[in-house]
Amino acid sequence: MELIEQIWLSSGLYQITPGRLVMIGVGLTLLYLGIVKNFEPLLLVTIGFGGILSNIPGVEIATGDGLLHLTYVVGIETGAFPLIIFMGVGALTDFGPLLANPRTLFLGAAAQFGIFATLLGALALTALGWMDFSLREAAAIGIIGGADGPTAIYVAGQLAPNLLGAIAVAAYSYMALVPLIQPPIIKALTTEKERAIGMVQLREVSKAERILFPLVLLLLVAALLPSAAPLIGMLTFGNLMRECGVVERLSHTTQNALINIVTIFLGLAVGSKLSAEEFLVPSTLGILVLGMVAFAIGTASGVLMGKLMNRLSAQPVNPIIGAAGVSAVPMAARVANRVGLEANRHNILLMHAMGPNVAGVIGSAVAAGIMITFTAG
Amino acid sequence: MQDDLIAQGVELMLVGMGTVFAFLTVLVGATSLMSTLVMRRAAVTANAGGPSNEELAAMSAAIARHRRKSTN
Amino acid sequence: MELIEQIWLSSGLYQITPGRLVMIGVGLTLLYLGIVKNFEPLLLVTIGFGGILSNIPGVEIATGDGLLHLTYVVGIETGAFPLIIFMGVGALTDFGPLLANPRTLFLGAAAQFGIFATLLGALALTALGWMDFSLREAAAIGIIGGADGPTAIYVAGQLAPNLLGAIAVAAYSYMALVPLIQPPIIKALTTEKERAIGMVQLREVSKAERILFPLVLLLLVAALLPSAAPLIGMLTFGNLMRECGVVERLSHTTQNALINIVTIFLGLAVGSKLSAEEFLVPSTLGILVLGMVAFAIGTASGVLMGKLMNRLSAQPVNPIIGAAGVSAVPMAARVANRVGLEANRHNILLMHAMGPNVAGVIGSAVAAGIMITFTAG
Amino acid sequence: MELIEQIWLSSGLYQITPGRLVMIGVGLTLLYLGIVKNFEPLLLVTIGFGGILSNIPGVEIATGDGLLHLTYVVGIETGAFPLIIFMGVGALTDFGPLLANPRTLFLGAAAQFGIFATLLGALALTALGWMDFSLREAAAIGIIGGADGPTAIYVAGQLAPNLLGAIAVAAYSYMALVPLIQPPIIKALTTEKERAIGMVQLREVSKAERILFPLVLLLLVAALLPSAAPLIGMLTFGNLMRECGVVERLSHTTQNALINIVTIFLGLAVGSKLSAEEFLVPSTLGILVLGMVAFAIGTASGVLMGKLMNRLSAQPVNPIIGAAGVSAVPMAARVANRVGLEANRHNILLMHAMGPNVAGVIGSAVAAGIMITFTAG
Amino acid sequence: MQDDLIAQGVELMLVGMGTVFAFLTVLVGATSLMSTLVMRRAAVTANAGGPSNEELAAMSAAIARHRRKSTN
Amino acid sequence: MQDDLIAQGVELMLVGMGTVFAFLTVLVGATSLMSTLVMRRAAVTANAGGPSNEELAAMSAAIARHRRKSTN
């Protein structure tokens, strides 16, 4: 009976390709890391599952009229999802520690060196003929060093949609691996004595400062770097809703239902770029390597900046908190705190590390704006 | 052409990091200035007695937060 | 004054047609069933209200640029709404009872016979010249026997959009009538003694089994029946979010805000297919009759399968729980429990009936995949 | 180095225009009114912030592929956002006081005189050659007098999208200024003695009346004024979900997550119409003036109707509650209550004022339907 | 032409306000009628003893509200 | 042609039900196998003492559930 043959011909066993099999394995691995190892579960579980769905043969899910492809077109190509997530991040972020000690912004600046070094690295690989990245692609890859998921996805969607899957996976994977990547680098660049440095208690920050900061930041971006305005605009909007205190119901929904809904579909949509055809290409390997380098350099430059600030400033600065400048909020700050405790068990650096940590979010959004200004033109 | 690409990269790196630092330096300045003004103002109004804008904001915040508990 | 005439000419009283009047009555009836009789209120209230709106003359609501029509195009034609609802169903479903006693899956399989018998019935009516259903339409009508709203809407949207209104109304109405439809059939096919059979306590199911089951199910569908992957994929994604325990905030939003929002617009969009022009056609009558038949046959074959399993298996199986295999979660399981208590007031079948009940959801999704494979090609 | 020049040329400082500077100031003013003065914060904060974003030079936010422009196209041009908000308003509205004393609907009717007087005013300004409003534009401006945000935005989106920004800003600003606008008008038109009139306790309203009212209202609109059906339909749908008691989970989500999400994006989308090019035109000034007039006339006619009803009816009617007929829920009712307390410190008018207050919502939706019938044709 | 515009406006105002009042008058009538019928029916069923539709509705409402607390 | 339609229907019914049963039979097998492996593994690790993956998962679940209460 030819109906039974039809079932066989339309089955996955018949249509499966080695590539899709590998990618389903990759998806399962991301699920394992998210669920069992508890690495960035919100993203690795959704991206991993989306990756599996995208590699099921013989059905339109991540292509054509499939739900994941429609979600990608509606939410990522437009930039809507990463921007809405950024609004949610703003609504969840407490800029208090940064306001209490604005100089920590310099640590957030230094850590962005990872972005530009990686850009250069990507171009070098191309010059060497090992890879073939355009300037826009190199810029998008560099943003992995920003250690900020929505920023990386937003920039990749703008400059190099073809690399978005690999870039998003690299960004979230390395953010998840921060506890493994950062400590050795921190310890290699600092002495036991430096890591034991205690820092002075942060001052109270008034309601008015919290309300005015997002506006100051937005207006500066508008004046100096408009191409960063979409990202910074949504970040500051979310933060203003959080701090102004008169739209609590909007802030509450932004921090919960809205960001959760968008996270689910963002993850699935990113997963739709994990199809074997798009993901199993040499450039992915290059991106994974470069992304790791970006994280390492970003961490290192943050720590070195911390050492410099400790030299120059009157008040002591523990260089460890410089590592939190890569963002990867709040993981990097927690890591800094833990490394600090190892050196001095009475030294609570968490709040001090939150300053550079959130500064890193601003820093990479600014770097993203610069990349877009220079390469999108 | 490839050296050219590298050159572009180097230039982009220098200008890029320069811009990042320049921008965040301005932000540090602006933020500190803002904080100073706010704190001075707070001090003034505190002496003046009347509730300052930030106190008003804080109050309405408290109220709103209280409301939310019931509405949301 | 011709303005007053203009009001009169644009009024409903002037433009109303008998058909629209009838359909407004139908909408009010659905509201009555939902609100007063408490039959599937979440869907009957939204569909009923949408049906009323769609039959208001002289204004674009369910047509052109009207909100309900836009919602239909965006949410149903794309298949997005039923798939998102299915994700929510997955997040709300506890597969524990099924895992404790996997053989109940056979009950969920048997109950799908209603689907294919109805398909045949629809073709027979066509052969007799009483109706004129294409193979695709017959397949979409058959899915009513799956007793699963989102599956029926998804398949109808894919195979027979023109019948979607009638199919959705039939599916939800009969799901609502399960407490009236099933007991007589169960009693007709079983002896008092059979209905009194007690079943052994279900074993504990470990966290790991709960986490692995959705993945096993998804991979099997991917390997054997990819056309069922969109439905099963979203169902298992929702269930994995529920069970994996590391994305509680996503699971919580999926079970509440997200599924509620989509339910509202799904209901209104389905209601938009209740316009007199589309709904008041002979085929609707055929669909209502066939849907009832489908439910009856599905229930019967579930019960008969229960009797067979009771014969064959070492452990006793109360055939009543076979009726829950049609899905209609959780109504059918509650009905089975009640019928069981009538026969033996110490016999709590609820958890035993939940197994076939959720198996029925999988079964009808699988049947849907088969229908699409065979007819959409 | 020409990269640095490129940064300068793409900076806001270089590209800023006086108009955009002014509009950023306007945006900051709206934020100030919302946050510090606590005027309609949910809308003024979101609209104000959107207005600032829309005037950042050199980046697509409120234009082209920018998020705010996409939101406007998807949510406002389609009418979806105001209609969904109206559904939420319905779910949040208690029609009990109106049901206990239906005659208060007349107060809601009288207050709509502001709408039509303003329409005439707009046409007069055009006849005088001071402005140049078409009939459709005049109608859209008039609706500001309805003191109902979503209705104004819906009508403006339908009849005069080019004026939407100014109309929305005027509507919400004057709703925020109700506590300043209304008391002097009320006092000018009433004697101390009239304002001291006590009213008889409202009767209990049964569950059944609450459930049937939205259906009665919808069917009347369907019969007499279908062009008001989209607005009234969503309002009554939301209210039925609230009152029917069997879809609490949908009602809860509609009152919280859904209305909050839509409010955020509605505000940003409205803000996208505050770009200098569209907002800084003479017509805006005319709209602001006419809107103020509309509010004043609406309040006055409501109060005068109250005096008339007090004369004619057996039971005493305190004319103050007529002012609440403009809607601006619940602000106008609170204002009426306060003015009443000034005249008689034992006179609690709040619940009596809620009747005309919600009647005003219905009244302006009806007026909107009339406007669309007469001008959209 | 402009006088014409004014004329249109005046006509629209008169007919418009007329329609608003007419509609709301009908609504007052319909609402009052509905309430009367409901209350009479309630009285009847109350004497009859059996729970009336509205009581059923009220009950299911109460139940649903209770449920919601747990589900939402 | 109509008989042909019926024939199609009969064939579709037979193959369809066959496929449903075949698929769910495989699912029963796979599920049972999975459960067996998990339970054996659990036993082993239980003796071995170290927390098994499923225990880890269970823990993180508990933690996450606790977290949610505060965040959501």
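Order as written gives the chain letters A, B, C, D, E and F; numbering starts at 1 within each chain.
Convention: a residue touches a chain if its C-beta (ideal position, glycine included) is under 8 Å from a C-beta of that chain, and two chains touch if they have at least 3 such contacts.
Please read all numbers here as calculations on a predicted model, not as lab measurements.
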Common touching chains of chain F and chain C: A
Those chains which touch chain D and also touch chain B: A
Contact-richer chain pair [A-F vs D-E]: D-E
Distance between chain centroids, defined by C-alpha means - chain A, chain D (Å): 41
Rounded Å distance, chain E centre to chain F centre (Cα mean): 51
Chain centre separation in whole Å, for chain E relative to chain C (CA means): 33
Set of chain C residues in contact with two or more other chains: 3, 7, 35, 38, 41, 211, 224-225, 244-247, 249, 252-253, 256-257, 370, 374
Residues of chain E whose C-beta touches two or more other chains: 12, 15, 19, 53, 57, 60, 64, 71-72
Contact pairs between chains, per stated definition: A-B, A-C, A-D, A-F, B-D, C-D, C-E, C-F, D-E
Chain F contact footprint on chain C (complex, rising order): 98-99, 102-103, 105-106, 108-109, 112-113, 115-117, 119-120, 123-124, 126-127, 135, 138-139, 206-209, 211-213, 216-217, 220, 224-225, 244-249, 252-253, 359, 362-363, 366-367, 370-371, 374
Residue numbers on chain C that touch chain E, as the complex places them: 1, 3-4, 7, 35-36, 38, 41, 256
Contacting residues of chain F [partner chain C, same complex]: 2-3, 5-6, 8-10, 12-13, 15-17, 19-21, 23-28, 30-32, 34-35, 38-39, 41-42, 52-54, 57-58, 60-62, 64-65, 67-68, 71-72
For the chain A and chain D complex, residues of the former touching the latter: 78-80, 83, 211, 215, 218-219, 221-227, 229-230, 233-234, 237, 240-241, 244-247, 249-250, 252-254, 256-258, 370, 373-374, 377
Of chain B, residues touching chain D in the complex: 11-12, 15, 19, 53, 56-57, 60, 71-72
